[in-house]
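Naming follows writing order (A, B, C and D), and every chain is counted from residue 1.
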């Protein structure tokens, strides 16, 4: 049967995966909160970040910190471009047009990466210090797992402080609640939306690095499921709530990992099906999620 | 009919999150009259329409239409029973033609099955012909025949308002609820509209409840008027009685001594 | 021209069908296999896109799960028609007695129809909960359904051979099968639109509130639209399987949905022939660009062009979603708008 | 001297005409009221002045500058603040955050000082400083909406039905506040359904009906009972 060590191991795996989902959900939910846009392209930023890091660190051989900073920067700039070129014109239109456009943008980015790199996946070798194996009373993990959890928590804390304490952060929450009221107190909504895109995309790009470092492989299509699942995390956590998105990310990571870990072996292949069944159930029975506010579904 | 009221409402209440939007509303609507429903902003007039037509579920009370208790029914079932309504914000099928809008409004009178529709059986053909004839009559009646193939979204606003009422009538109701029919019209258009409503009432032997903001309009149109304030019925009577009721003047103009 | 427009719809339809088959006959006897291959694919995608148009274009339910129904149709039809002698070698299940018994191989037409029906039943089961959602929640939930279906196709190895897919499917699909089904699909939707059923669907797309107030029960017509759409998606899946002769779960995933959505939006959502026009443009473009892509080794070019087209339509013709866009307007009866 | 001039604006909601050929003037240092039955276009007028709605034709001048094409956020920076109908406070944010957002565009060092001024004007807001705004009563939310608008240091304060949905006692309190704001020499343009209240504070009055101006003048003149009663209750 399942030993305590096995359970602890699964929990750890779940938390690591959950951290990454939480980061993606965080970036997605700030944009969603203001524009009601389910940004499929958010997933593509994961791929962009992973390949940027890969190109600079592995192919060019530059230092680790520089490569990570580059991923962050490229992600942020891409986010800004998406907002300016892709979505700005469509604001205020039907939400489905935004959704379809974001699908188009996702496909565009994915295939652009496919075209620049190759259709084949790459082995992703993070710096040696991250691959070191540890074993604490039977629970095995590598430095990268700890790195992911710590960095994720740091980003989330930084984000919480930004949103809670800074003028721009407060304006962001205000805009999410009512665009019109935000304009009436003198907030430039375009500016706030752009900041949300830049921050969310930069974080997604860093998550791309984490993803590659954790699973040792990157491919042009790695971001799609990650992006869609980030939205599932938002729904679980409660649409419109920033803490909810993070909690939803962790819940989803744990559910997915534990379902695979504890169901009979044959069920491992159904992990995506399990995730989406969960999504449909939440949408039907608890559309406000864990801590969301009411919204017509 | 047994001579009782067409629509009987008792103790109707609706609360939104602890706040009463409508409280203990009652109405005994005789067949063949025009009732006006007025009151300041947020008085609960539209909420009452939404409760009668099933778009909202009441928190309490009873709604009986032509002897049938319809409290808590689905909107489409209520429509089938013979209550039609218009909306404050026009709910027309904007991308469709005038003709299509009226055909859809006639929906509940077509009874052929899916199989007939797909094969074009005689039953389908006959009923579709009836629909077209009926729609033709309404187009004629409302002077919309030359716009029949025009997309509704491109019609001038006054015609859209007219079409909205035509669509409500095309469902062939016994009771028609109009929510601010003169909204956005100039005084001349509003006067024409009042004329049209009177004609329709006579022609289709309708009973009407009209929510309005424009006082001259409703005072001239309605036989009896109810006044709501903060979800509560504060006055009921003929236009003249209502106009001179101190409680009504207070609700509209404010209490004078409150400042003093 | 005037005389043409004054003809009754049924006559016009028959003339159109006659012309179509005349053209197909000439094409079939003059053009080379490669071009015919493209023409058949256009037909299959037209069936899929036309059926998607019923839900997405006419009823206004932006489903992204259509590829899931195609997968159901493809797998069911394939399992029924799969040659008896190959079943054991391929480790595919022998048919139970109520489906004809272990020695029985179904003819193509009933197999296709059963595939479509199973897809329709799936739509009924999925639709009941999912169609209660609105707007983009419906889109994401239906996308989730598609993922569930492809995951099942991968997981249920005893039935589907898992990710390896099924090969050596008999090639029954030809140009006549495909275009006959396309005619049937368009016919059904055309009849629907000329009846109270189709009008109710359009009404729901335009204003669910008004539809309800006029006695239309939205869920009933949404489900009907979803189920009929799924039936023809299942047919398209079956036709595809017996044309490509092999199916794998991933073929019916996100990209399939994406492609038919592009075809719909480029051709014009909410127009009767728009989906066919869109399918023709998108499929033909693929066969023009594919050699370039392979010749230059720039994999992804085709999809990039598709994506740019989609984004372009969305940015500059945003009314397309609700059924306005149609670059070839003069060819196409705009059913929703004029009669 | 006119602070605000509205010149012959027409506003539509889609195809629906909401304001027809509307002109009015608000002089500096005064309280001007706009009254009329509901649906007359009062809120629309304020939204057009605040920049939430764009007129189809006509001009809006503020301190002799044409602001017709400017967005709402730019107008706030120029000194126009709106207390919208239904208050529209940020209900998930704290009271203090709401107030600080009122000063969003300001870069000066006196925000803290103004915050104190607001707290002295509305002591209840100081008590509720850290409370989530959505949990306050309607009257308290109205005070917060006032406070938030005042934090922008407006030259012109637009008030949209401040008495709407409030109990008479609270309405009286709100009007006392309006008087205090007036005494702080902020120009006020007030939309009201409650005519008796409006008349009490206003120096000048406009009456609207069905998207057009019906009459204007000093309150005593406008308020000749029968005219105003007709405007509201028909005649």
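One rule holds in what follows: a contact is a pair of C-beta atoms (placed from the backbone, for glycine too) under 8 Å apart; a residue touches a chain by one contact, two chains touch by 3 or more.
The model shown is predicted, which means the values in this text are computed figures rather than measured ones.
Asker: Tell me, which chains sit next to both subunit B and subunit C?
Answerer: Intersection of subunit B and subunit C contact lists gives nothing.
Asker: State the pair with the higher C-beta contact count; candidates are A-C and A-D.
Answerer: Output for the comparison: A-C.
Asker: Taking each chain's centre as the mean of its Cα atoms, which chain lies farthest from subunit C?
Answerer: Result for max centroid distance from subunit C is chain D.
Asker: Determine the centre-to-centre distance between subunit B and subunit D, using the mean Cα coordinates as centres, and give it in whole Å.
Answerer: 34
Asker: Can you check how far apart subunit A and subunit D are, centre to centre, with Cα atoms defining each centre and the answer in Å?
Answerer: 43
Asker: Centroid of subunit A to centroid of subunit B, CA atoms only: how many Å?
Answerer: 49
Asker: What residues in subunit C touch two or more of the other chains?
Answerer: Residues 322 of subunit C each touch two or more of the other chains.
Asker: Can you list every residue of subunit A that touches 2 or more other chains, as numbers and ranges?
Answerer: Within subunit A, no residue contacts more than one other chain.
Asker: If you look at subunit D, which of its residues touch at least two other chains?
Answerer: none
Asker: What graph shape do the protein chains here make by touch: line, ring, star, complete or other?
Answerer: ring
Asker: All pairs of touching chains, please: list them by chain label.
Answerer: Applying the touch criterion to every chain pair yields A-C, A-D, B-C, B-D.
Asker: In the complex of these two chains, what residues of subunit B are touching subunit C?
Answerer: Of all residues in subunit B, those touching subunit C are 53, 55, 74-76, 79-80, 84-85, 87, 91-97, 99-100, 103-105, 107-108, 110, 112, 114, 117-120, 124, 128, 131, 149, 151, 167, 171.
Asker: Which subunit A residues qualify as touching subunit D in the complex?
Answerer: 167, 170-171, 173-174, 177-178, 180-189, 293
Asker: Flag every residue of subunit C that touches subunit A in the complex, lowest number first.
Answerer: Those in contact with subunit A are residues 62, 129-130, 132-137, 139-141, 143-145, 147-148, 151-152, 154-155, 254, 258, 261, 265, 298-301, 303-304, 306-308, 310-311, 314-315, 318, 321-322.
Asker: Note which residues of subunit D are touching subunit B in the complex, please.
Answerer: For subunit D paired with subunit B, touching residues are 14-18, 20, 37-40, 161, 163-165, 168, 171-172, 175, 193-197, 200, 210-211, 228-229, 232-235.
Asker: Write out the stretch or stretches of subunit B touching subunit D in their complex.
Answerer: Counting only subunit B, the residues touching subunit D are 40-42, 155-157, 160, 180, 183-187, 213-220, 230, 243, 248-249, 252-256, 258-259.
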